[in-house]
Amino acid sequence: MSDPSPALSHLDAAGAARMVDVGHKPVQTRVATAEGELVCQPATIALLRDRALPKGDVIAAARLAGILAAKRTDELIPLCHGLPLDSVAVDFAVLDDRIRITATTRTAARTGVEMEALVAVSIAGLTLYDMMKAVDKTMVLGAVRVTAKEKI
Amino acid sequence: MSDPSPALSHLDAAGAARMVDVGHKPVQTRVATAEGELVCQPATIALLRDRALPKGDVIAAARLAGILAAKRTDELIPLCHGLPLDSVAVDFAVLDDRIRITATTRTAARTGVEMEALVAVSIAGLTLYDMMKAVDKTMVLGAVRVTAKEKI
Amino acid sequence: MSDPSPALSHLDAAGAARMVDVGHKPVQTRVATAEGELVCQPATIALLRDRALPKGDVIAAARLAGILAAKRTDELIPLCHGLPLDSVAVDFAVLDDRIRITATTRTAARTGVEMEALVAVSIAGLTLYDMMKAVDKTMVLGAVRVTAKEKI
Amino acid sequence: MSDPSPALSHLDAAGAARMVDVGHKPVQTRVATAEGELVCQPATIALLRDRALPKGDVIAAARLAGILAAKRTDELIPLCHGLPLDSVAVDFAVLDDRIRITATTRTAARTGVEMEALVAVSIAGLTLYDMMKAVDKTMVLGAVRVTAKEKI
Amino acid sequence: MSDPSPALSHLDAAGAARMVDVGHKPVQTRVATAEGELVCQPATIALLRDRALPKGDVIAAARLAGILAAKRTDELIPLCHGLPLDSVAVDFAVLDDRIRITATTRTAARTGVEMEALVAVSIAGLTLYDMMKAVDKTMVLGAVRVTAKEKI
Amino acid sequence: MSDPSPALSHLDAAGAARMVDVGHKPVQTRVATAEGELVCQPATIALLRDRALPKGDVIAAARLAGILAAKRTDELIPLCHGLPLDSVAVDFAVLDDRIRITATTRTAARTGVEMEALVAVSIAGLTLYDMMKAVDKTMVLGAVRVTAKEKI
């Protein structure tokens, strides 16, 4: 590698962190989807199904926390740009030993929205964790990753 | 289960989300540690070691993002209480195919600080993700969990 | 009135706004309740009962928005002190032509929490407004007031 | 009503809250005006006129709180989009037993700004409440509503 | 200097930034005062005195911006602790070629409040700058420093 | 001056603060640079060079704090518009008795970004102050000013 890495785009030639200039990139519709999962005890899921899911507030709280966090991604991730999100959707699949979380974000902007989707999944997952932590000390948030990203 | 679950403490008798009243709990020193890891391509780690680690800004950015996010946990996780954090430390171990993140939070308050530690780990991990995403599309944040929690 | 008014406590002798010094007041448990109501068309309430209430997300969203806003009262109301809230509860009564909103806040602090309760009611009400505004252009948020306040 | 309601636009087919996709709507100049009023004791208004209005800080504080809150509407109202506000104006009419608050917001965006105007009125009103609550325990914030909305 | 510097207290033994643990320090009343000044053209001051000072909104806006920023110091300065401020006062002296800004902050906490006072002065000064920048391109904010600090 | 001043553009005809309407101005690329300096004891600089600069966290913390604050300028400066920043860069020159801070901000928007650059410099400087205050009680932040501003 004889040439200064262009790849770590958040570092300038001297290695200092910077917010990458996106001014020359076109405004385009950009969509990203991220997923993750909160692995729980099966008994926790059973309790959730029995007590919490009928009323809906647990899932609704996690969904809203994810949506709100996505909108504040640039305050949380230091080098992210502030983007006007056209939509954010956060969905949940309650499986026997885990809850799968999927977030899709969309913008018309000069840079992509995968960080927004990842933030939504992570904060939605931690909100579930918070509401179930009194009954399950073994939960693990994992498999948080981007599953789709496109420019339209 | 014949009796209304006291365990899902964030739900009231009608199943509505609430911020649990901690007013009757004593102020105690409370410490929590959480861990997580960002799994990367070995080539990404090699690049990071070669280009970014000597200067230090990548790790420093992730550390500060984690500390700042820990202090805003109650804005991100809807039912969390605002707590005056006495300290937050976020550390990193750069392994051959992953970066391990550890956060320890401490307070003197009426409720614990594990959510603050989990938020610090998650946002620190996503900040690393953001700075390396141009070179590695395969990264996964996982194994985010509480590893220690105590009252002193 | 020959004597400088002590009553407008947020103004100093020169009439300048200030954040009142509460340092000499004792830390006490303080509770406040506020109410308000969003007046709607009966058809809006019928639609809400038919479509939205079974799932629960509309009420849950308003409740969480109120709780989150209560925690940020000192960022919104310039001369309010930051208080560690021990609990926040936001409840709703869906009547034939209005939704009544009640918020109760509790702290152990040097000053009261009625502003936190009022902020919770107002933002919960506006969140309902936002979700129903596509079907009802006539809604009015009103009767926002403190209904109880005590030191224990 | 045999057909799934398109009207409660913040709910998807399953009844889950979502941030409505506005990506297909054109960027247009959009203006909204909201009003509200804080009803007080006449003696409170007399005191305000005598002591606070000459200096101006009470009204200025309420105005600025309303402007600042309007800019943060998307953090407060969970399903609102972040909009770049071109202008916000908040005005006050001090009447004999109430203060009338009017806010006008303007943007060039894909969705309207009435929530921003309503948030400005509500937070301006509660800021007045906060500054006068030591002298008047009977105040009520009400008649908060949209009075004009247009696309240009 | 043969011994690891204890003085740069925000760095741990390895040189990493950390939020200093203040858990062992006593809760005490702590007060700090900071000053600064915005140097302007005399004609700018004359205009301000003629047009803006009678109404009061310019000074009121700067004062409130300083108070609000002081309350958010821990969000702005990464390694600062969140402190419950008992009072914040921001005052201004309009001199012939500058505006002097003084802020005093007070808390009962485990660590001092000089950063809160410095943030209040700086943001109040920049708010003045913002409101006068259309008429004066030469303004300089300077002499921002702590002038008093005590534990009681 | 016989004519009402158009120059104090943040005041309306009645002298009330307002957020200036920029809706009629064209979207253009706008760049601004601000500078400032934190004057320290030479011994403080020596210590910083010896202990803190090799690891990099002190400068990295100040840089990130400046970048993050720039993105929140409209929350801090009441009458500023929210702008989508295309880039923010914050740089430091460590001289014998001071640290010079330079920030450059860039946007495509209807109004300029000098306030964002000034906020970045000020908060970066105060972050340095915070990390060095245990060893130097004499530091002064000054010479904070705009050094370049252009429309492209």
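Labels for the chains are A, B, C, D, E and F, by order of writing; each one numbers its residues from 1.
One rule holds for everything that comes next: a residue touches a chain if its C-beta (ideal position, glycine included) is under 8 Å from a C-beta of that chain, and two chains touch if they have at least 3 such contacts.
None of the values given here were measured: they were computed from a predicted structure.
Taken together, chain D and chain E share the touching chains C, F.
Between the CA-based centres of chain A and chain D the separation comes to 30 Å, rounded to the whole angstrom. Chain C and chain D have Cα centroids separated by 14 Å. Computed from the mean C-alpha positions, the centre of chain B lies at a distance of 30 Å from the centre of chain F.
For chain D, the set of residues touching two or more other chains reads 16-17, 55-57, 60-61, 63-65, 68, 78-79, 82, 84. Looking at which chains touch one another, you get A-B, A-C, A-D, A-F, B-C, B-E, B-F, C-D, C-E, D-E, D-F, E-F. Contacts from chain F toward chain A in the complex involve residues 29, 59-60, 63-64, 67-68, 71-72, 82, 84-89, 91, 106-108. Touching chain B in their complex are the following residues of chain F: 55-57, 60-61, 63-65, 68. Chain E makes touch with chain F in their complex at residues 1, 5, 7-11, 14-17, 36, 47-48, 50-52, 54-58, 60-61, 64-65, 68-69, 76-80, 114-115, 118-119, 122-123, 126-127, 129-135, 137, 139-146.
Interface residues of chain A, counted against chain F in their complex, comprise 12, 16-23, 74-75, 78-79, 81-84, 109-110.
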